[in-house]
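Shown next, in structure tokens, is the structure this report addresses.
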Amino acid sequence: MNHSRSARVGVIGGGIRGGMFARALQENPQSELVAICDRSPGVLSAMVAQLGVPGYASTEELLAAHPDLDGVVIATPDFAHREAAVLCAQAGLDLMIEKPLATEVDDARAILEAADAAGVRVMVGFENRWNVRYSAVRTRLGADGDPRISAQIINLNDTIFVPTEMLSWSSKSSPAWFLMPHSLDLACWIGRTHPVSVYAVGARDRLTEAGIDTWDRVNAVFTMADGSHVALNSSWVLPESMPSVFDFRYEIQSAGQVVHIDGADDGVIVYDAQRGQLVQSAVHERAGRIHGVPIDMVGDFVRLLRGEPVDVPDARDGLLITAAIEAVHTALETGDVVSISV
Amino acid sequence: MNHSRSARVGVIGGGIRGGMFARALQENPQSELVAICDRSPGVLSAMVAQLGVPGYASTEELLAAHPDLDGVVIATPDFAHREAAVLCAQAGLDLMIEKPLATEVDDARAILEAADAAGVRVMVGFENRWNVRYSAVRTRLGADGDPRISAQIINLNDTIFVPTEMLSWSSKSSPAWFLMPHSLDLACWIGRTHPVSVYAVGARDRLTEAGIDTWDRVNAVFTMADGSHVALNSSWVLPESMPSVFDFRYEIQSAGQVVHIDGADDGVIVYDAQRGQLVQSAVHERAGRIHGVPIDMVGDFVRLLRGEPVDVPDARDGLLITAAIEAVHTALETGDVVSISV
Amino acid sequence: MNHSRSARVGVIGGGIRGGMFARALQENPQSELVAICDRSPGVLSAMVAQLGVPGYASTEELLAAHPDLDGVVIATPDFAHREAAVLCAQAGLDLMIEKPLATEVDDARAILEAADAAGVRVMVGFENRWNVRYSAVRTRLGADGDPRISAQIINLNDTIFVPTEMLSWSSKSSPAWFLMPHSLDLACWIGRTHPVSVYAVGARDRLTEAGIDTWDRVNAVFTMADGSHVALNSSWVLPESMPSVFDFRYEIQSAGQVVHIDGADDGVIVYDAQRGQLVQSAVHERAGRIHGVPIDMVGDFVRLLRGEPVDVPDARDGLLITAAIEAVHTALETGDVVSISV
Amino acid sequence: MNHSRSARVGVIGGGIRGGMFARALQENPQSELVAICDRSPGVLSAMVAQLGVPGYASTEELLAAHPDLDGVVIATPDFAHREAAVLCAQAGLDLMIEKPLATEVDDARAILEAADAAGVRVMVGFENRWNVRYSAVRTRLGADGDPRISAQIINLNDTIFVPTEMLSWSSKSSPAWFLMPHSLDLACWIGRTHPVSVYAVGARDRLTEAGIDTWDRVNAVFTMADGSHVALNSSWVLPESMPSVFDFRYEIQSAGQVVHIDGADDGVIVYDAQRGQLVQSAVHERAGRIHGVPIDMVGDFVRLLRGEPVDVPDARDGLLITAAIEAVHTALETGDVVSISV
């Protein structure tokens, strides 16, 4: 693209995340939100009214109407990235795709191949890489050349609000698909390694009782390429009395160091008449603009579109995580230790 | 025994724990410390001087000199319980044996069989069962008849001080043998279930470099008889800058509840010129007497000896934990999921 | 008294605390609960049914019926200690009186004088002195001969449940009378000093709106005899969503050390469907008996009655705290710095 | 100024903060760092080498050489703001001045009057107003129109490293001058009120022993214009073993809510062989640029210079805090409750 002008971007998917990305693109001085897309007429008209840009019911229509886009943000439900991603890649657009890249290895591979064939770039929204508390740890542990991380133990949970009220498509997901892409990508990025095998156990109980046919909880142990281990524990049926909708406790053991991270605690807790709540500021407004971790991530996508150098997770990272989480589900079903390869 | 008199008890093993048990027996108004035993002449003479009771270099000598004992506390190193336990059982004495009962299933079984043959009782020192914070949780989770615990995740670590300086026999032990009997027995007791299989990974790195041929760290996932899971993470090479020599973080997920326990934090931290330290009071002195969790445990052994009703972990509990930890080591060596049976 | 028999004790006041003390006296092998007293016929008959000892509507009746008592525990409301205490002292009985000794200096002085005249001992229930976490800190800070404590900052709060639902007589009390005897006695005992002047501010707002004519909150700064300072902050209108009915955060700054104490946190938090709650075990049951901090306090009163040496807070400690808290209220009313003398 | 070009800014004072501000101005796309000034030739030449802009030994020289500046950042030691500020104001430049505005009311008033006379704007560097965790709380507590904050208790401490090693001029400062401008401005801003009187106590002990003639610790209680109270506790002799060079614990009690803030804890703690340390990210680098709270503050100064609307603390806020802290010192010396007026 011509670097002297703003990057022209469309957003596909009008949920919480898509709406936030669209707003961030409007507020970013180096990008222009050109158009949006959502299958649901109600969601789409609300977004159009709020954002003041044209809206389309399908990716094809959006692409047809706006042949001059530079890139697209894809924020459809986790299992529904493939179609939009392949179409946009074939149209020559760079892509930012929400994590996980896909919930089947076939889909992830199809996206990767379409992007490679078209010569476009894919950035995957592993948002934690933009969170200062994690990048500070990564910098510190890599400072001596050899971090020699031995083990990472990550408990990332959601309250039962998420699968029962927040997501309409939780039965097509699981704690592994919804939560572990966050924790596993972080473990790979901080540990500078990747998983080669996994053992996993889990429970199906409360959600199936509630008519949502998926796992309540998954506990997985990964062996990594460098011989280290990553233990991931994720439930999404925790009680709603927890002080935050998510609970993220992360321990890293390296030679001579141990790091404890509380990812949900920004140092502020408020007790009111009803409950105690952690006040979080990962996304916040200041002087009428939205700021924070996902906004910085969108900023890097805009830089990527403008040809500036950025260091972002790509489709191969996305494929790897998809393959690893698919292997978790195989391990859950078989009870075996499952190899991971891509 | 005649309930109107004190229980007459010997202590075998004069380490930190044996010395503490001996003192507790002296201070308990319903017991009498009769004699002690340690293989090391130096340790033995120091104990004799301190406690003012006869000391012996071997279990045989102690038993020969004191035919009127009611019971014996065995606090030899973890791997060295069998000989003393079998001899004392054959002499008709009830036994309190430090956890783990043994570090080989054969040893555990031999102790159990000797005790059964002699008709004596064996109490295993799974001390956490006497800790109010754990018994309060057990009571609470069992209150409704059906606790439905789904998962337990226990991180129990030691600093590298323990295997390199505190223990002379760490190469004959491991994080699994030294730490997991605590966490696994707790998980069984609170969950009212027992393990049926295990997968485990680990690292051998810093201790082998330091000439101590054992594991630095073990991460194990147990499937329990009731379908729940227990994930245990134990390292004993954590940095000595930690605020406590141990680090015990325990999460229990049941239907509708989650419990977070910090077992190392008694609510007090002191920072002095050199370091920050958690001040713990699990063992403390008051008015010249020693009090606390292990002292209450000894108190229950005295009650057992006096014929009072007590609810304590027995040799079968000890055998089960020994079999489970042995299975952890098999899993570590083979990379397979290993069945546990006793 | 004859040391070979149990101490014979009566309890005056049948509230939560009086009932607990009565039970503790029944379960203590060295004491006998002889009789109880409460003005309320309903409370009294319930206690009599539960404890199986005679009950009386007045102190006079109890004393007349039981001339052979050794001591009495007085657990009437804070403002109502004087009459019972003076009568019992005149009857020659040693006394354990709940904190504060009184809510007027005149009352405290009358109790002290009656006790001195009769030659009886008075023990005041400053319960924190029996709490291991505080005694551990006191021992540590006094270890070098000169603790040189410079400042103590204690936030001790209650939720609004306490003045609006738990206490029927909160309008006759205040955060200063109800909470600061705990924190101020602790500061005196750990700091080995006493207050000489105080400045205080406060608020009257929510409780007066609710028809309870007393302070919501008091903040006081004491200058101590050794030149150190003690800042006490106490509100009793905190939201009921707090994880514990009380909130106790205590910081001690000495030369070269700082101690942080969380007095409400015993290391266990449970989140259920409704709320998060700290699980506390300062009072707990084990094997059918009640244990914990106040039970140990009663145990020392029994020892005192049996003539054993004990180190307990006495009437002069009680008078001092009463005078200091009375001075807090004078400071609140006048806005001046108020001297404290007894 | 002409809004189409960058704001042209000088920095006076080349310490840690001045250097950081200079870098922030260089990296901000809407500002140009024109020149710097420091009295110390060594400091100045190092800064010139690093930043590549002209350096001057005095404010006069800098102003003479650069008549086209838009504004100046003043980051001289706390007590040395007046001369530079008045000169620059008289030269018609807008000012950003580090907190506190001055350490004497006369100085603060002189700066305010010079700015008013010259018609320039003064922004005071009360940095916490740019910290998301505090602005989130301010927004929340003001949401209902009437926050009715009743009390604020703020413990803001430094380790002894700060007065003995970090600052060369600590004997001209105190915990009140160095720390309380942060906590008191925050209390005023969040509480939307200002102080009218103060009582204070303190200690002079360890620093005077070390030859630094100032206070170790100050405890102050402010009565605010709206009848609420603010208790500030600040020591700067805490042990260096603390996990952070500062310690910031803040409690806000409003009608029906209580907020607990830990200002030093960003959720990450690292234990290495020597010590445990909180990893903080209030200032951090990303993609070669410096980011964080003070950088956002400089950004607002650049916006102010460019004529954009900003909401920043001004010289009257600065004067008020200076008057209040001066009153703290009067209260420390006299033992009286001291009125505050400006």
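Labels for the chains are A, B, C and D, by order of writing; each one numbers its residues from 1.
The rule is short, and it goes like this: a contact is a pair of C-beta atoms (placed from the backbone, for glycine too) under 8 Å apart; a residue touches a chain by one contact, two chains touch by 3 or more.
On a predicted model such as this, the values are computed, not experimentally measured, just so you know.
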A-B compared against A-C, more contacting pairs: A-B
Listed chain pair A-D, C-D or A-C that repeats interface B-D [over half of contact pairs the same by residue number]: A-C
Whole-Å gap between the CA centroids of chain A and chain B: 44
Centroid spacing, where centroids are CA-atom means, of chain B and chain C in whole angstrom: 38
Centre-to-centre distance between chain C and chain A (centres being mean Cα positions), rounded to whole Å: 54
Per-residue multi-chain contacts in chain A, two or more chains: 238-239, 242, 256-258, 271-273
Complex contact set, residues of chain B against chain A: 150-151, 153, 155, 199, 201-203, 205-206, 216-217, 219, 221, 223, 227-229, 231, 233, 235, 238-239, 242, 251, 253, 255-258, 335-337
Of chain C, residues touching chain B in the complex: 132-133, 135-137, 140, 256-273, 279, 281, 284, 286-287, 291, 296, 310-311
Contact set on chain A toward chain C in their complex: 238-243, 271-276
